[in-house]
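Across the two complexes that follow, chain A remains constant while its partner is chain B and subsequently chain C.
After this line comes the complex of A and B, so read on.
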């Protein structure tokens, strides 16, 4: 009887303690509900209405049907696919190589190179866009000034041609964000356990073999993080496209960000803008889940499961 | 002790007096994309006349900052008292958040006040209103006339004169290109500049035809509009516009090059005069507008006349529902659009007035006065420049870019504009 009441008392204390512990999660939960969950639900609700806020009429899935039937939507999907499959691996590759060479082969100037390659990441997108528009401009542009020395005359701007506009923007994006990949890999390389590298060297691994078979696999957490961030970044693309081409010419370089912006703010069609936002959310969620299922959720060496 | 008591009483009295003064100071909040330096002068002039009112102005870049800020504020009911507007689509998007100003305007300027507004502006003030709604939700402050500016010093150097025929225009473009200049700078990555040039061309083939097309009275695939679209493509193919125009922006790139004397011609409007009022250092061309003069697009086809003036409201202001509860908000709006505030904007050569009877004053050269007078003479007969539906404007922007890039034929491109027009008219 005594033992039973002691157990019950312990259980009561434990339950009371657990309920107090939940209070610690309250601030984060409130912030999540107010700033993330509520806006998502509000946008999802808006996607079911047509018309302006004052005179909106419930329309069910009409906005989704309209959006999916719009050829621009499929141009956007194609552009986003190209953006992702080109920028993410290229940024990783160049960023990884830069990190490797800076960390392994520079000494006194290591800080200088790190800063220089990281500079575009912290530069204003407006400035980057202005500079690259000038670089791409034929006839009076910066690139043309150098190209004419080797007899090349640009007859059109890459961002003014519907066939090349998206690739021209992708190049700018790679230029801007490669420094970020480099930084992630530098952090990864700095955290590599020295004993493993020493062991690999004793076993005869060096140069290319050491890089590909030892360092690259050990940098997998950084690679996974970059992949996840790259996919999210791709879906969030907006300022470079908005400032350089506005999604043109004739919607050839439209991306989800510019498409949603035009529908919601330029055309005032909040319903289809909200429907597009929900579609992007679903795509982002699906891609994140696929990545987590395929690559695992552990994104740092410290988070790896112990044997 | 007495001294201490006196000091305390004095401090208390001063504090109460300051609090009372603050309570009497009324505030008007204003949002717009209108240039800050000129707005500051307008506000200073207003506050001098109305010392009990404080105007708090917030400047935004037009896109995306201003239109997103408006949308968010409208959704949350926190719009300022007065907002900058363009006629047509932007005004219509916020019509439900705006006060009709007819009665206030009649009380301010008399029953026949609307007749003092230039005809093209008056038309644009009602643009997009539901059928039967004769209310005004926007009061225009400034007007504009579209034109082609040219650098007369470069033209003089190359023995060129303002083109009167399309052959002249082509010859001038070639001479400019051969001379190492950009012939006519077109920021064709910007929809607005493309629209402006197309409106010049279309109105040359048939004055007012774009208005009829957007009202559904004429198809967009009418022969005159197809011819205008072909002429638009010709401006790229014939070397009138610079190479790579489709990737270029009018602002800041084009305007800077034009001001620096590296460009021969540029399709802009009367607002270009303000360049001469910007802070120094100014180029020899911009100084007092010495290097610049304007012409209208010469006939692009035998039998056409030169493009008529096209224009309308540059910027206007609306009184929000929140502003309707603040009597000083209308007072400021009235002074800004047709009073001391407007005068400061005109003195800065920001653009042309929207109401008759106003003109710039102060330090202005004869050359600028002459240019301004020519614009003012053309303004009353200007064709409409604005679109009632943003979807139609957007469709036309895409059509123009597609045709210029050669990815779509003029007829097919205009059919897409027709589809957008049909949809917009059906939704009305």
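After this line comes the complex of A and C, so read on.
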């Protein structure tokens, strides 16, 4: 009896000590529950109601039907598709080439090039947007002035024309984020195992053959991470579009970010804003899970594999 | 016939030349921004990359006329607080998963990881309503805590993988020496993952400093605004005076650029040490 209660006491003490250890995990869990999980559940619930938050009535899928019937929604889908399909490979290509030449062919200036090409990433996106508005400006912008010299004549500002606006914005986005792709590939190249490169060189692989047949496949983990991060990045595009075209002209360059912003905060239509939020969330989760299942992509940008 | 050495030298020079040319084009937006900021009103609308002579009048004017110091301070307070919380919270959590191996911690880890798949665009509406209910609109805390919640998962991934790679005998020795969990975390785990802590700190600083979407919605009072969201109001204010506008844009972009140049060596070192791996 007495021995039993002593054991129980010890058990209780070690149990309370073990539960104390959960304090290490508590702050992160609390932040997640309050600021990620709860808002997601709330927005999912809210997407089923119409009207303002006070006097909302249950409406089933009405908000989703309204949103999907809105032609702007399909413009957004097209724009997001173009954005991802152009931005992600172009950034990988330019970033990868820069990383290759900087890592394998520069020495004294390596740090300089790495830093300079990364600077757009650390330059405030609102500053970048206003600078590019000036570059694209008709009459006094430098784009039309200098492109004239190479035979490209722009009649209007590229962001003022519904046909070209989205592409003009995509260029800005590529310019801003290529440095990030470069740095990911630099980490990948720097961590390539030396023995493999030496073996390939002994087999006679040199220059481009070495790059294409040995280095590119070995950088697959970095490429997969960039793809995954690129898809999420595309879906949360907002500042460049909001600041440069506001989704215009005539809604031609609308993206999910600006569409949600307008429905929720300009029109105050919480129901369709919520439905849109849920749609974006579902697309993001679906695309991420497909990539993780099909490619074994990782959410952490990967360089070297752990044994 | 060229010797291989000479051929290598020439190839190296050509590659450097090409990199410099590409970099020249790459820097055009930044050069253009600075160049307009240095113009007199008469040259301000010239469609050229460089004009001559240059003047610093625009910089003097915008510094004199605008509370840039106060706006800078708002950015600094929000960013530093977020970084501190993210580093503390994510390292504690990583320690619970990688070293303490608490029951259920891997399930929690996987759950928190899904945050990385959530685009911010789908979170702004619910977060705005939540912060309104808390009465946290136009407060620092209203941005700091959501930023921390969004930043913890990425930091946690990196710190966890570093802790798993650290030599386990050290943790074993600490336990034998009678260190409790907290002492092990503070005296053993944190010093071991220092390059990762530096990397996470710098990356979180950059991301938070430049965050735009949520800041735009939460900070509506002008005395609360951060450097990232004020450029729009100046583009209205200085519409007819691009020299002043671009001077102020240069000043707004400068702090983070300077900071990055100062810490880039440590940042890239953390990256190469495997801060970004599976």
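The rule we apply is simple: the second predicted complex is superposed on the first by the 256 of 307 C-alpha atoms of A that agree within 3 Å, B and C clash if a C-alpha of one lies under 4 Å from a C-alpha of the other, contacts with A are read in each partner's own complex, and residues count from 1 in each chain.
Keep this in mind: a contact is a pair of C-beta atoms (placed from the backbone, for glycine too) under 8 Å apart; a residue touches a chain by one contact, two chains touch by 3 or more.
Remember, it's a predicted structure, so these values are computed and weren't measured experimentally.
*Asks:* After the alignment on chain A, I want to confirm one thing: do chain B and chain C clash, or do they fit together?
*Replies:* Chain B/chain C on chain A - steric clash.
*Asks:* Which partner, once the models are overlaid, touches more of chain A's residues, chain C or chain B?
*Replies:* C
*Asks:* Determine, under the contact definition given at the top, whether A:158 touches first (chain B), second (chain C), both, or neither.
*Replies:* first
*Asks:* Could you look at A:265 and tell me whether it touches chain B, chain C, both or neither (first, second, both, neither)?
*Replies:* both
*Asks:* May I ask you to decide whether A:288 touches chain B, chain C, both, or neither, giving the answer as first, second, both or neither?
*Replies:* Second partner only.
*Asks:* Give one of first, second, both or neither to describe whether A:39 is in contact with chain B, with chain C, with both, or with none.
*Replies:* Once the two structures are laid over each other on A, A:39 reaches chain C alone.
*Asks:* What is the contact status of A:130 with respect to chain B (first) and chain C (second): first, second, both, or neither?
*Replies:* So A:130 meets both chain B and chain C here.
*Asks:* Looking at the overlay, does A:257 come into contact with chain B only (first), chain C only (second), both, or neither?
*Replies:* The answer is second: A:257 touches chain C but not chain B.
*Asks:* In the superposed model, identify the part of chain B that clashes with chain C, out of 45-53, 63-71, 171-179 or 207-215.
*Replies:* Among 45-53, 63-71, 171-179 or 207-215, the clash with chain C belongs to 63-71.
*Asks:* Enumerate the residues of chain A that count as touching chain B in its complex and touching chain C in the other.
*Replies:* 53, 130, 134, 139-141, 242, 261, 264-265
*Asks:* Going by the contact rule at the top, pick out the chain B residues touching chain A in the complex.
*Replies:* Residue list for chain B touching chain A: 63-64, 67-68, 71, 74-75, 89, 93, 96, 182, 188-191, 242-249, 252-253, 257, 262, 390-391, 394, 397-399, 401-402, 404-405, 407-408.
*Asks:* Which of the residues in chain C end up touching chain A in this complex?
*Replies:* Those residues of chain C that touch chain A are 11-12, 15-16, 18-19, 22-23, 26-30, 32-33, 36, 45-49, 88-90, 92-93, 95-97, 100, 102, 105, 108, 111-130, 145-146, 148-150, 152, 154, 156-158, 161, 164-165, 181, 185, 206, 209-210, 212-213, 216-217, 227-232, 235, 242, 245-246, 249, 252-253, 256-257, 259-261, 264-265, 268, 271-272, 274-278.
*Asks:* Where on chain A does chain B make contact in their complex?
*Replies:* Touch residues, chain A against chain B: 52-55, 130, 133-134, 136-141, 154-162, 165, 242, 244-246, 248-252, 261-262, 264-269.
*Asks:* Taking the complex as given, what residues does chain A use to touch chain C?
*Replies:* Residue positions touching the partner: 18, 21-22, 24-25, 27-29, 31-32, 34-36, 38-40, 42-43, 46, 53, 98, 101-102, 105-106, 109, 111, 113-132, 134-135, 139-142, 144-146, 175, 183-184, 186-187, 190-191, 221, 225, 232, 235-239, 242-243, 256-257, 260-261, 264-265, 270, 273-274, 276-278, 280-281, 284-285, 288-289, 298-306.
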